[in-house]
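Both of the next two complexes hold chain A, though its partner changes from chain B to chain C.
Right after this comes the complex of A and B.
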C-alpha cells in the first residue's frame, strides 16, 4: 500500500482569487473591468496590453480605449470572456463546427436582435475573439436551417442579381471622391 | 430572427465571419444559399466545399436526379423536373432525413443545374450517369451532359 505524500493542496479557486484587472472604455465612454484571463481571449486587446506594457501595478490606472465597440457590445463581450476564461483550449472547430452544440448559457447570451448580432460580430471580429466569433457565426448559420432560397433572401437581406447589377452600375456611374 | 426583426445583412459582414458562417451551415443549407444570387454562389464557392462524387440518374430527359455524395453519410439529391410554366424545377433533399426544399430558377435548364453543382463542389465532371430508360434524343442528351466522362460506358451498359 503506498502512502500519499503530504503535500499542501492548493485549491484552484484560491489561485484564481485576486486576479489582475484591466479597465476598458467603450466608444460611448462606458468603463468595464475585465480580468487578465478573460482579456487574453481577445487577441487584439491582449496585444494592446502587451505593447502598452501594462502590468498588475499600473493596469487599473491606464484604461484602454476601444473606439470601435460600444458599451452594449462590450458588456456582452466581457460577460462572454469572463464566462469562458478558464475553458480548455479547443482544437480548430473547422471539422466539427456543424455538429457542435452551442451551450445554453451562450445561446441565451446571443439571443439578441439581428442588428445587435450584426454589430456584435463586427466587434468580435475587430477584437479577434475566436471563440465568440465561432459562436456568433454558429447562431447566424443556424438561421438558415431548413429554409428555402427565397426565405434565406429575406432572413439575410440578400439583394437579387438585378439589384446587385443596378447597384454596381450606379456605383460605376457616380463620380469618385476627386469629382 | 424575431418577429419584426430587420434582415441580418449577411453580405455586409467582413469576409472572415462571412465565410465562417457558411462553414457553420448544414450542407443542404449551404446549397440553398448558393441558389439565392450570384454573389451568394461565389461566397459559398469561396468556402472551398468538397464532395466525393456526383452521380446522375436519367429516367427521361424531363426527369433527372443528381446525387451529390458530400461524405459517406451525407448525400444531397436534386430531382429535376421539367415544368413548362416555370422551367426546370429542382426538389432538393438530403437523403439522411428527407428534408429539403423545392426551387425554380427560370433561367436554369438542366445543364445549368449541373454546372451549378459541379462549380459549387469544385468538381470538373460528373462521375457516373445511369440511364434508367432508353433515350429518344441522344444528341440532346449528349449536349446536356458534356461534362461526363463515362457516357460511353453507360451507353454500352444500356444496350447490353
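Right after this comes the complex of A and C.
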C-alpha cells in the first residue's frame, strides 16, 4: 500500500507559478516587478520589505523606492535574482579561494562595459546580493588571468609609483581650504 | 575599453574582488605599485596569516608556493624552467628590480642558471606582503652545472639534490643567509671549499647520500647537530674510531642523539672490520634490563600539502 505524502508536490509547483510579487522603483523611476523568492536574494530589499510589513495582499500597492540604483542596473539585478531564486544555498567557504564555475548565462549577463560593471557592482553592494557580488568579482578577477603587472596596471587603472608620488606632491603643494 | 579602477571601489568590494583572485594574481598585482601593495596588505591580511611557510621548489618547473597551516597550498609564481613559457615569453616582468625574463631557467646546455635570483627577488618582494619572518623551505631536484643556491632567509628545511654535484662554496653562501636550519637532505656534495666552521655542520638533522664518500668523513669530525643519517660507499674505520672516542668522552658531539651510517655494497672499498672498532673503543653490550633511551627525529623533508 502506498502512503500519500502529507504535503503534495503539486503545492510547491503552485507556489512557483503564483508567487508573491513586489514592485521596485529605480532612481530614474522605472518600475520593476520581482517575486518573493527572487527579492530574498537581496538582503537590503528583504530587510526593507519585512520592516515595512509588506504582505502578499498589499505588496503590489506599495512600491519600494530604491534611490541608489538606476533602471538599467535594476533590470540586470532583477533578471539575475529571478534566474537564481531557487538555487541551493552556497556552503560557507572555509578556504581561499572561492571555488565555483561562473555559469555561461551569467557570464553573458555580465559581459558589459567596464563602467557599467562598476556601477552594477556598486548597486549589488548596496542591495547586498552576495551571489551576484561573487559573480561580478569573478569577472573582474578573471581579467587578471595571465597578465603581467604592467598589463594589470592598465586593466585596473593603477597609477605607477611615480604618478602616485606626483599626485601626492601636487596635493601637498596646493593651498588648503583656508589658503 | 576604459579601465575598471580598483581603487574606486568601496573597501568591502575591494576585499571581495581580491578574495576571488588566486594568490599568483594577487602577487603580480602587488608588484604593480606600492599603493596597490599596501591595499592588498590591508585587505588580505587574514589570508596571509594562514600561510605557514613558503616553499621554493625547483624540479621540472620552478614554483613558489604558499603552504597553509591546514596543509593546503597556493601557487605564488610558477614557470617552466627549460624554456621561457607562455605569458612571459615576450613580456618583461620585474620583481624587486630583477628582470624575470630569459633568466628564468636552469640551463641544461649552458653552464649558468639564474633561478636563484628569481627566488631571492620573490622573497624580497614578499616581505612587503607576508612579512619578513615567514618560514621558508627549499626543495631543489635538478640536473644543472654551476647552479647557485638562492640566498633565502628564514629557511627551516632544505632538500638539495643537484646532479652532478653541489660544491662547498655554494653551500657556504647558502647557509650564510639561513644559518639556523632544522633539517637538510643533501645529495652529491663536493665539500672541497666547505668552510671548517660551515653552518652545515650545525644543522639539527641531516640526511645525506654521499656517493663519492667525501662529506661523511667531515661530518664524523665536525657534526654539531642532533641527528645524522648518512649513506656512503666507503668508510675508513679510523674515522669511525676517532668519532666514537670523541663522542664517548664528551669532547665533541654534545648534542648528538642519533648517528647512522649505512654502507652501500662496493667491491672496491675495504670491508669494515667491526672487531677492530670494538676493541679500539671498548664497546660494552648493554644489559637487557637497561632501557634504551628513545629519541624522536625527522626522517623526511616534511612537506605535506594539497591544492586548495
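Here is the rule we use: the second predicted complex is superposed on the first by the 148 of 179 C-alpha atoms of A that agree within 3 Å, B and C clash if a C-alpha of one lies under 4 Å from a C-alpha of the other, contacts with A are read in each partner's own complex, and residues count from 1 in each chain.
Methods note: contacts are C-beta pairs under 8 Å (C-beta built on N, C-alpha and C of every residue); 3 or more make two chains touch, one makes a residue touch a chain.
The structure presented is a predicted model; accordingly, all values stated were derived computationally and were not measured.
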Overlay on chain A: chain C relative to chain B, clash or fit: clash
Partner chain(s) touched by A:158 [first = chain B, second = chain C, both, neither]: both
Superposed model, chain C segment overlapping chain B, candidates 42-50, 240-248 or 276-284: 42-50
Common interface residues of chain A - those touching chain B in one complex and chain C in the other: 97-98, 113-115, 117-118, 121-122, 125, 133-134, 137-138, 140-141, 143-150, 152-161, 164
Contact set on chain C toward chain A in their complex: 1-10, 12-13, 16-17, 19-23, 25, 28-29, 31-36, 47, 50, 68, 70, 72, 74, 86-88, 91-94, 308
Touching residues on chain B, where the partner in the complex is chain A: 1-2, 5-14, 16-17, 20-27, 29, 32-33, 35-40, 99, 101-103
Chain A to chain B touching residues, read off their complex: 94, 97-98, 113-115, 117-118, 121-122, 124-125, 133-134, 136-138, 140-150, 152-161, 164
Chain A residues within the chain C interface of the complex: 95-98, 113-115, 117-118, 121-122, 125, 133-134, 137-138, 140-141, 143-161, 164
